[in-house]
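There are structures below to look over.
The following pair of complexes shares a single chain, chain A, combined with chain B in the former and chain C in the latter.
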Partner chain A sequence: MMFQDKLINSHPYIKYIIVTAVFFLVLLIDLQFIIFTSRTINLLIRVVYFGIMALGFNMLLGYAGQISLGHAAYMGLGAYLTAYFSNHMGWNFMIILLLSGLIPMALGIILGLVALRMERLYLAIATLGLGVTGQMIFQEWRAFTRGFSGIRLERPEILGFAFNNSRHFLMLITVILLLVIILTYNFSRSRTGRALSAMRDSEYASQSLGISLFKYKLLAFAASSFYVGIAGSLYAYAERYVHPSTWGVELSLDMLAMVVIGGLASIGGSLVGAGFLVLVPRLTAATPVLADITNMNYILTGLAMILVIKYMPYGIYTTIDLKLIQPYLMGRSGENFRYQDLKKESDS
Partner chain B sequence: MSVLKIEALRKTFGGLVAVDDLNFAVPRGSIYGLIGPNGAGKTTVFNIITRFYQPDSGRILFHDGQEKVDLLDYRVHEIIKLGVARTFQNVELFNNMTVMENMLAGGHTALETNFFQEVFRLPGFGKKEKEARRKAREVLDFLNLSGRENQRASAQAYGMQKLLELGRILMTDPEIMLLDEPSAGMNNRETGHLASLLKSIQQEFEITIFLVEHDMSLVMNICDRITAINFGRKIFEGSPEEIQSSEAVQEAYLGSEDE
Partner chain C sequence: MGRIIFIQNIIGGLETGSLYALAALGVVLIYRVSDVTNFAQGEMAMFSTFVTFTVWTYSRAAGYSYPYLIAFFSALIFSAVFGYLIERVFIRPTTESSLLGKMIVTFGLILIVNGSASAIFGTDSHYLQRAVGGTIIISNLVIRPHSFFVIFLALVIMGVLFYMIKYTMFGVAIRATAQDRETARLMGVNTIKVTAFTWIMATIMGAMAGLMIAPATNVSTGMMADVHLKSFIAAVLGGFTSFVGPVIGGLIIGVMDNLVGYYISTNWQTVIVYGILILILIFKPYGLFGTRPQKKV
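== the complex of A and B ==
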């Protein structure tokens, strides 16, 4: 108990590193003995890139308290940029990945400007409009996107090593996910991250404390657009095919569902939410009766959202964390002790 | 020497004149009270000074000891850097954040880490962050709130939330604190504690305090000077004793005898 205590709290992100290390070990064993089917590997790849996407959306909705239903278009932009750069420019993987984040980030400022004028429902509707416009552009701008024919591309290559094996690719994007998690953790527990959360909880108080709504709303939208752009890039590399129908409102609503079901303003919550939304369609398809009902996965996702909001308002991950993990680690009631790692930081 | 000087301030909402040709000056280092019946325009005055409202005319001169500026030249999030901090009538805490995070968000302008330092935890980040946390714990200690650092702000009792809001602006090292009904919702014991606390903030931290308050016993107890307003106009200004014996003030609160 004492040892675990020390280990968990000695370094704030040790739990993410441990989980990733265990996951890696499993993948290495799998690489040797081929335990998982390729369907399972593809499923895990989806969880990872959707996880990055959900982290980006959580930064917006969970931390900054802003909403966007147009983020699917930004993810699509990341995917198309990656397809374009890798097919026509043949640039290095890391450069393409970074550009596929930075260009949507610059355009994300447009959403931020909208958010300065509107709030909540109105903001949702306006960003929905922007998202639909984006999808239309993907359909019509054939020179860039090849319209409904879609674009094919190859898996990335680093220093001559091609990640054609899906198992290798999964390892690569797991490392990227870990980096994104650490950056997000650092961000959320710092001046800028606190400014976003302050803005979410009280715009009046945050302004009177010197937090510029102009600066931090733009920043929230830019940062989350960067994340979903990166996720879009990894989507393109993973699926090796980009098609305009992917970037519709459904994807934006999926982001919302992931974050709400997993847990608002929580890194683990984003990943659990992504896992949930990837697994539900797969599980329904595998269940005899449910598989015959059209759109059963949408029904189940909607049902899950209602149940989570009613019974676990902080989301699945945060509720489990609060009720089971934290009390176990600290050996006392989890009530009011949501931010254990923060506590240890402040004690040191 | 006045730290804050209001000159010919006027604010209308449509046809309603909320603040009408108001003049007064808050002396440096004092505890200054603004009183008046409900709807007299007290909070409106606060909202104009802290730049949430734009007045129709007038000037708000702020003198921090070195230079004199007109607060109307600054935007709402900029005045904190000059040293003007405020609390709100209905507590405006960051409810989903911990007590410590509330304090650190209060120190937003004082904490000078930049985005890249934070995200990559570059050198310089740890030292500044630690310094901010140390200061936050000092202030929490002063307010008798230590031990609650990691509890959510919304889990605190109302009186504690009021104190936390006070602590949050102490993090900004203000020249002047504008307190909008600091004792609202507090019981007698808590109000007594608040009175001594405000006195010691005035003396130890050398911060000018400007407050709007309904609790007359608190106002008469701690204020050095008081302005009474009604319908946005100043009806009397003076020491607590003078205010108590002023007919104009009694009339505003209780109505005149002829009626």
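== the complex of A and C ==
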């Protein structure tokens, strides 16, 4: 008993590793005995790459308090870069993945420069325009994106092992997700992460403490664009097809919905949000009455966003964590369990 | 010939520009009074236009004498009710949320309204007639009376609004609420009523913009996407802190949009207009007519 508490307290992200290990075990068993249908596997793949995307967006909205409605364009850029590099250059998977993150990151820094001059409302509108522009460029720049015909590509290959089986691919991206989670966890608790949260809570107060808004706003945009670019790359590999209609403002709204519904500034929240947005269309399609209504999943997602804002402003995951899981852990070990994810989100 | 085409573009620009101005004014009105940036304005306008279209089709099929007139007034009535309902059901319960929370509520509204529109009316695209048909030709200059009707309608609505804001007691209440909600309440202003009224007014303005743009874009669930974005750009260009700014911003965007579309490229029209906006914002971050808001630390 004591040993477990000590383990969790001294290595807080051990819980993510344990959950991933259990998930991996299930996947290994599934690989042998085929428990899940291939639809379920595809659904899980979507949850994983959307999870990485939501983590990136949460870095921006949840940790740094900046808003963007143009991140779908960065994700699209990541996806197109991956398709281009793997079809025309034939580079190594890891190099392509990194480049698909780094190039959107460079553009993200430019967006950060624009954001420096603007307040939240103006920023939302400017990035909305950016999102529309990005999608337009994907449609028109045929030499790079092939316009509306879209690009096909193959699943990645590492050291001669091709991940053509979706189950293998799911394992691969689960490992990437775990790496991203650990990175995010350490980042959010580093000096930089704390500075981002301080900036979110009050720009004036953090400036007076010597936090450079210039540096940290750029950093927030850079980091989130990097994550989102990687998610785009994984999207391209997972779906094996990239089309401009995917990268509209709807996707940016989905990112926002995931982060808001799951939980702002929370790793588990990002993943829960991604799961929510992936599962809702699937569940409504399976429910008899709701399935007949076109776009019922939009209505449900919108309602969920508003209800979450009204009744649990910290998101589903964080609320459940606070109300159910933390009291249980605290009651058991008798000491105050540190909970740092939760900070009141203020009107800066 | 070149000059005539130029004039035609300017008139076309003023036509769409006055619609952007109407929609932008609606957004700014809500923003000033209730601190909510209504990102769902375009979707709400789309929904109202669909209702208008349905009324128009039915009254035409039933053989009434003035189907468009009936549809026009039903648009006014419906959008007023619709605006009130949205405010009552979604906005009023979330007044206590943070600024970001309020913004997110309207993002949720986008999904809800858009989803319900395609659930109720389907995803097809439909034709809706112009308010005034026909064309006038003055020595090669082709003018649609519809353009003048649109500009006239926008001027009337804006005129009524500005008169109210400036000269009536209720307008004073609106300005007081926009300036300081708490103090206005202490002074006996019914801020809840004021907020509800601004939502009704803004929804009507959006619905009118939707109804007037519909002949050009057809009635479909995505019809307002472009108008909506441009009206936001107009509001940003003019500045969210003034009521006149968005109107002038809307006209500028409309004319510029048409000229860029004709003389440079229709494919890159939106991109170029947006690029110009970003440039302006970098030098004047609060818009052409906006002032830097005083902030409490």
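The rule we apply is simple: the second predicted complex is superposed on the first by the 326 of 348 C-alpha atoms of A that agree within 3 Å, B and C clash if a C-alpha of one lies under 4 Å from a C-alpha of the other, contacts with A are read in each partner's own complex, and residues count from 1 in each chain.
The criterion applied here is as follows: a contact is a pair of C-beta atoms (placed from the backbone, for glycine too) under 8 Å apart; a residue touches a chain by one contact, two chains touch by 3 or more.
Note that the structure is a prediction, hence the values are computed from the model and not measured.
K.L.:
Decide which partner touches more residues of chain A, taking chain B and chain C as the two options.
P.N.:
C
K.L.:
Which partner chains sit in contact with A:Ala106 here, chain B, chain C, both or neither? Use first/second/both/neither.
P.N.:
After superposition on chain A, A:Ala106 lies in contact with neither partner.
K.L.:
What is the contact status of A:Ala265 with respect to chain B (first) and chain C (second): first, second, both, or neither?
P.N.:
Once the two structures are laid over each other on A, A:Ala265 reaches chain B alone.
K.L.:
One more residue to check, A:Arg117. First (chain B), second (chain C), both or neither?
P.N.:
A:Arg117 contacts chain C only, not chain B.
K.L.:
Which partner chains sit in contact with A:Glu140 here, chain B, chain C, both or neither? Use first/second/both/neither.
P.N.:
second
K.L.:
Quick check for you: in the superposed arrangement, does A:Leu324 touch first (chain B), second (chain C), both or neither?
P.N.:
So A:Leu324 meets neither chain B nor chain C here.
K.L.:
Output check: A:Ala162 vs chain B and chain C. Expected answer is one of first, second, both, neither. What do you get?
P.N.:
Neither chain B nor chain C is touched by A:Ala162.
K.L.:
Tell me which partner A:Ala205 touches in the superposition: chain B (first), chain C (second), both or neither.
P.N.:
After superposing on A, A:Ala205 lies in contact with both chain B and chain C.
K.L.:
Is A:Arg191 contacted by the first partner chain B, the second partner chain C, both or neither?
P.N.:
Touch status of A:Arg191: first partner only.
K.L.:
Counting contacts the way the document defines them, which residues of chain A are shared by the two interfaces, the one with chain B and the one with chain C?
P.N.:
Common interface on chain A, chain B vs chain C: 202, 204-205, 346.
K.L.:
Please name which positions on chain A make contact with chain C in the complex.
P.N.:
65, 67, 114, 117-122, 124-126, 128-130, 132-133, 136-137, 140, 202, 204-205, 249, 253, 256-257, 260, 293-299, 301-306, 309-310, 313, 345-347
K.L.:
Chain A touches which residues of chain B in the complex?
P.N.:
Listed in rising order, the residues of chain B that touch chain A are 50, 52, 76-78, 80-81, 85-86, 88, 92-98, 100-101, 104-106, 108-109, 111, 113, 115, 118-121, 125, 129, 133, 137, 149-152, 155, 165, 168-169, 172.
K.L.:
Name, in rising order, each residue of chain C that touches chain A in their complex.
P.N.:
On the chain C side, the touching residues are 31, 37, 39, 90, 93-94, 97-101, 103-105, 107-116, 118-119, 122-123, 225, 229, 232-233, 235-236, 240, 267-268, 270-271, 274-275, 277-278, 281-282, 285-286, 297.
K.L.:
Tell me, which parts of chain A touch chain B in their complex?
P.N.:
It comes out as residues 183, 186-187, 190-195, 197-198, 200-202, 204-213, 265, 336-340, 342-343, 346.
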